[in-house]
Amino acid sequence: MTRSAPVDESKWFTTHCDLSAHDVSCERDDRILFENLSFTVKKGDLIQLAGPNGAGKTTLLRLMAGLNQDFDGEVRWYDENIQSCFQDYARQRLYIGHLSAIKKVLTPLENLRWFVSSWPEVSEDALWQALEEVTLAGYEDIPCQQLSAGQQRRVALARLLVTPTPLWILDEPFTALDKAGVAWLEALLALHVNRGGSVLITSHHALSDIPALRQIELGVQK
Amino acid sequence: MSLVTATIKRDLIIAARNPGEWLNPLMFFLMVLALFPLAVDPDPKFLSKIAAGVVWVAALLATLLSLDALFKADVEDGTLEQWLASGESLYAMALGKVFVHWCISGLPLTLVAPLLALMMNLPDDAYAALFFSLLLGTPILSLLGAVGAALTAGVRSGGLLLSLVILPLYIPILIFGASAVYHAGIGMEYAGQLGFLASFLCISMTLTPFAVAGALKLNLSR
Amino acid sequence: MWEALKRLYHRMGSPKWFYEISARWLPWFAIPAALCLIVGTVWGLAFAPADYQQGNSFRIIYIHVPAAILAQGAYAMMAIAGGIFLIWRMKMAAWVAAAIAPIGASFCFLALITGAIWGKPTWGTWWVWDARLTSMLLLLFLYFGVMALQKAMETDDTSAKAGAILSLVGLVNIPIIKYSVEWWNTLHQPATLKLTEESTMAMEMLIPLLIMIVGFYLLFATLIFMRTRNEVLWHERKKSWVKKLIEAEK
Amino acid sequence: MFFDSFAEFIAMGKHGFYVWLCYGITALVIIANILAPIRQRKKLFEQQARLQRREKKNASEA
Amino acid sequence: MSLVTATIKRDLIIAARNPGEWLNPLMFFLMVLALFPLAVDPDPKFLSKIAAGVVWVAALLATLLSLDALFKADVEDGTLEQWLASGESLYAMALGKVFVHWCISGLPLTLVAPLLALMMNLPDDAYAALFFSLLLGTPILSLLGAVGAALTAGVRSGGLLLSLVILPLYIPILIFGASAVYHAGIGMEYAGQLGFLASFLCISMTLTPFAVAGALKLNLSR
Amino acid sequence: MTRSAPVDESKWFTTHCDLSAHDVSCERDDRILFENLSFTVKKGDLIQLAGPNGAGKTTLLRLMAGLNQDFDGEVRWYDENIQSCFQDYARQRLYIGHLSAIKKVLTPLENLRWFVSSWPEVSEDALWQALEEVTLAGYEDIPCQQLSAGQQRRVALARLLVTPTPLWILDEPFTALDKAGVAWLEALLALHVNRGGSVLITSHHALSDIPALRQIELGVQK
């Protein structure tokens, strides 16, 4: 699981990331998760949301991705509210959540094909290569229900290799990955940041090796 | 290929791999039809009188039961989240899902209903009416049902709840569908009922996708 | 005028304002409601003359008709409140809609049950599948659906939105349902059993009926106020004004 | 008064049972509708008061 | 307190917190009853003839729909796994679960059926028969249904599959139950049918828990 | 989340662990997961199953717990096949799998109460203490659906504090726990091993600090 097939990075993406949260506050069930949070995600940033269980990491991530509108404050993509330029924004960021959106009866290849159907420029070859890189070569035609938890996660992560978006938003992507998988993903994140991409991530895992790393600590649980 | 067509294609592949998805409604339809002669009265004359109504009730119940799974799987495995994240139109998605649902439930049901109506001793004149009333009526059942399915997709024991939500809305279709068949059976005109079904189909085809899209968003904004 | 309306609208959006003002308004609905209901009932039961055809069973009209009218109106109100919530995100509207559902359903139930009881002496049967009766039954089903859905949703917000969407879809369907049932009924049903046609009612009979209708409306308003106040308290329970209120209660 | 005696009033011709049943059920439904929000309110106050006490206790401990 | 009684208590608490669990089958029952006059014929004489059968069919369908959730939640959240791991008797567990299911579906149904039968113009003589046939029959429906529910608990769109598995088993109960009521309505003896239901109840009470236990184990040995 | 309330350890359990696997082999889908594996778990052992995703760790754990009988070879508890002394065995080991068996509508306390219903000797006080130790004091009466993923896991883990069993079998118990939680659980495992208990665990997490640790490496995925 090494980066055997580097993508042509000059063409990888044309826009850069410029996402900003302005005074974002959120509460759930009487409890304030975070208040007046402001930060920006720019070209080359790797931002890790940290905090104990129930701190609101997932919640913050989802609202940054535009999936949750139940909060106060504003999230902007190039100075425009993400909801008003959602189509645009959606094409520039990749969101991978807790749930992997893998259909169990379909093969990894078919699943991947669905994922990239909004990017017609992605070739069939690229899909095969991506599956090979996540060490699923030979499993392309096996229904996903016969794969283990970690293998299924790899199918979902293979999207990182094929969709040309500058911003990645990832919720606990290391879940269920083994050591080799973790190392591979860390390397991939470093590469993405180096080539000018941006990453917003939650993980209980320490991402120490990547120099660009910035942490945002969310409130302590009570 | 856009995400909508990719999803339609994918759902059809899934249905093809799980023949249960379209066979089960058919078998349920058959069984409900079989219950009546057993529970009430197997006399052919009597059956011929109730055939129109019972076939329609059975078709309605079969559709109802198949609706439960319409969005549930997509919500649970994160497909819907990905759809929403993609920024593509939920309206189109709703129509696409309903189309697939109709292809694997309403359409086969319409095709076999005339055969099964033989068992209920349906009058000879009524077969055409049965076929056309189902052809126009079952898409409405799918469309209205999709609203209920979207509303209850996140709920645990959704099956029963879905029935409660949807059954009252199904009544007009049942009335007009069954009466078209009944009137055809006694040699009367039934174009009026079909006309009603056709216009109701047009209305619901334009309006329900909005409700479905709104309801689907609910399941995500958590 | 327009400005005043706009101000009222914005104020209606403020839960705290509603809670305070409704406490002052409540007696102005509750007391006349009680008066109307008592006067109407006594008048209708004891003083109004018997119907020359139906005899004394006709006195059921004094609850049957007000309940039937209200049950239909309440559904529309609930759906409209839900629509306001969906379009303008006014939370108060959602809470009012949630308050209406059980009240409307219970009036619907009352109309059905009093109708059924009335049917026994007049038609000799508890129930017939008459168009009016059937569409009332379907209305009850619609209420059930909305309530069951609201109950089943986990969070307050989804429950309010889901209820609103369903009641709007139901509202669009009500005329269709009504039309279809009436059309069905005229085709199938032998016209022997019918609700008394718009009979020219004697004044002594009509006045208590009108009083009862007004009474039911006032009662309905009172009940909505009571329930909406609870909803306000529940949803605003973490706000300081509610906390103070609760502390003061002790 | 339309009726001549109280007994007649109760009997309502032959329809006493139906009329009184209707009015009885109506009374029950109305009373239930009035009591439900009152009880709900009481419960809400008790529950919130308990919660606030606990929060205070937690805050003072911390 | 043993695990069995603890589970029964817990399930009853859950049902009490979710009134939908026992109210929804009742409402569904009412709605299905209403479908027939609308679809077939509202003539009181005609209804009085089909009432027995239709009430029984509606009761059967309501039970069927409520079965879907019987074990599914327990399988999905791992409760069943814990039960199996505990080493306590699965037979007792099966009986306990069925008992709770009957308390929240069959019993309320039996209690309100006579009221609703009024709407179907059931002959006066048939009410006792309706009540007793349901009192004896609904526990059988729950017992047999539990077998199907256990078999399909691990399956995604189980609702429809469950119906297919269970309906054929329900036929004899339907026939005897409906015919008891019908015969009572035309003034004939119906003790024989009730006797059959009673003896069938005894048999299924002793045998089905074995089948349920076996089926539940299947769901887990993965 | 410190061990604020140490249990009376002298009384903690009376038997010690003696579990052994004899030539255990298992295949799934034509692929051999492990072959002729033999090992024992005795007093004071802490055994971690390691291996990449899909290696068969969960499978091995479940068959050691007696939940899965689809394998070759034998698993013994004190020289007896675990299936033939299952009742006995089940009372001596605690199995906590991926799924937490938490009922969402019940409170943490009610959930815990159900878990320990087979151990009548566990007092109500002990449950409160356990919940306090997993930092859920104040949450005892809140339905679990309002807790975050990590908090729900803590409810499940609270069982470790109250049920007096010598052997713990844990599948990825660190999932969803934050740093404090991980430290607490590690300390608890060390304590359990020190007082003579045994632990069989799978985790991708490195359990380096505990001296008793032994690892069993499962085959490399292919």
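For reference, chains read A, B, C, D, E and F in written order, and residue numbers begin at 1 within each chain.
The rule is short, and it goes like this: a contact is a pair of C-beta atoms (placed from the backbone, for glycine too) under 8 Å apart; a residue touches a chain by one contact, two chains touch by 3 or more.
Being a predicted model, the structure only gives us computed values, none of them experimental.
Enquirer: Using the contact definition stated above, find the chains touching both chain C and chain E.
Expert: Common contact partners of chain C and chain E, which must touch each of the two, are B.
Enquirer: Same residues or different residues: which describes how chain B and chain E meet, taking over half shared numbers as same?
Expert: Since more than half of the residue numbers are used by both chains, the interface counts as same.
Enquirer: Starting from the Cα centroid of chain E, hunt down the chain whose centroid lies farthest away.
Expert: A
Enquirer: Suppose chain centres are the mean of their C-alpha atoms. Which chain sits farthest from chain B?
Expert: Following the centroid criterion, the farthest chain would be F.
Enquirer: Between chain B and chain D, what's the gap in Å when you average each chain's C-alpha atoms?
Expert: Each chain reduced to its C-alpha mean, chain B and chain D end up 43 Å apart.
Enquirer: From the C-alpha centre of chain A to that of chain C, how far is it in Å?
Expert: That gives a centre separation of 50 Å.
Enquirer: Go ahead and note the Å separation of the Cα centroids belonging to chain B and chain E.
Expert: Between these chains, centre-to-centre, one finds 25 Å.
Enquirer: Give the residues of chain A touching no fewer than two other chains, as numbers and ranges.
Expert: Residue numbers touching two or more other chains: 70.
Enquirer: Could you check chain B for residues that touch two or more other chains and list them?
Expert: 161, 164, 167-168, 171, 175, 221-222
Enquirer: Note the residues in chain D that touch 2 or more other chains, in rising order.
Expert: Expected reply: no residues.
Enquirer: For chain B, which residues are in contact with chain A within the complex?
Expert: Residues in contact with chain A: 1-3, 5-7, 10, 13-14, 17-18, 76-79, 81-82, 84-88, 220-222.
Enquirer: Given the complex with chain B, which residues does chain C contribute to the contact?
Expert: 86, 138, 141-142, 144-145, 148-149, 152-155, 157-158, 161-162, 165-166, 168-170, 172-173, 176-177, 179-181, 183-184, 187
Enquirer: If you look only at chain E, which of its residues touch chain C in the complex?
Expert: Residues of chain E touching chain C: 18-20, 23-24, 27, 30-31, 34, 37-38, 41-44, 47, 118-119, 121.
Enquirer: Can you name the residues of chain D that touch chain C in the complex?
Expert: 1-3, 9, 12-16, 18-19, 21-23, 25-26, 29-30, 32-34, 36-38, 40-41, 44-45, 48-49, 52
Enquirer: Hey, which residues of chain C end up touching chain E in the complex?
Expert: Interface residues on chain C, with respect to chain E: 116, 125-129, 134, 137-138, 141, 144, 148, 151-152, 181, 184-185, 188-190.
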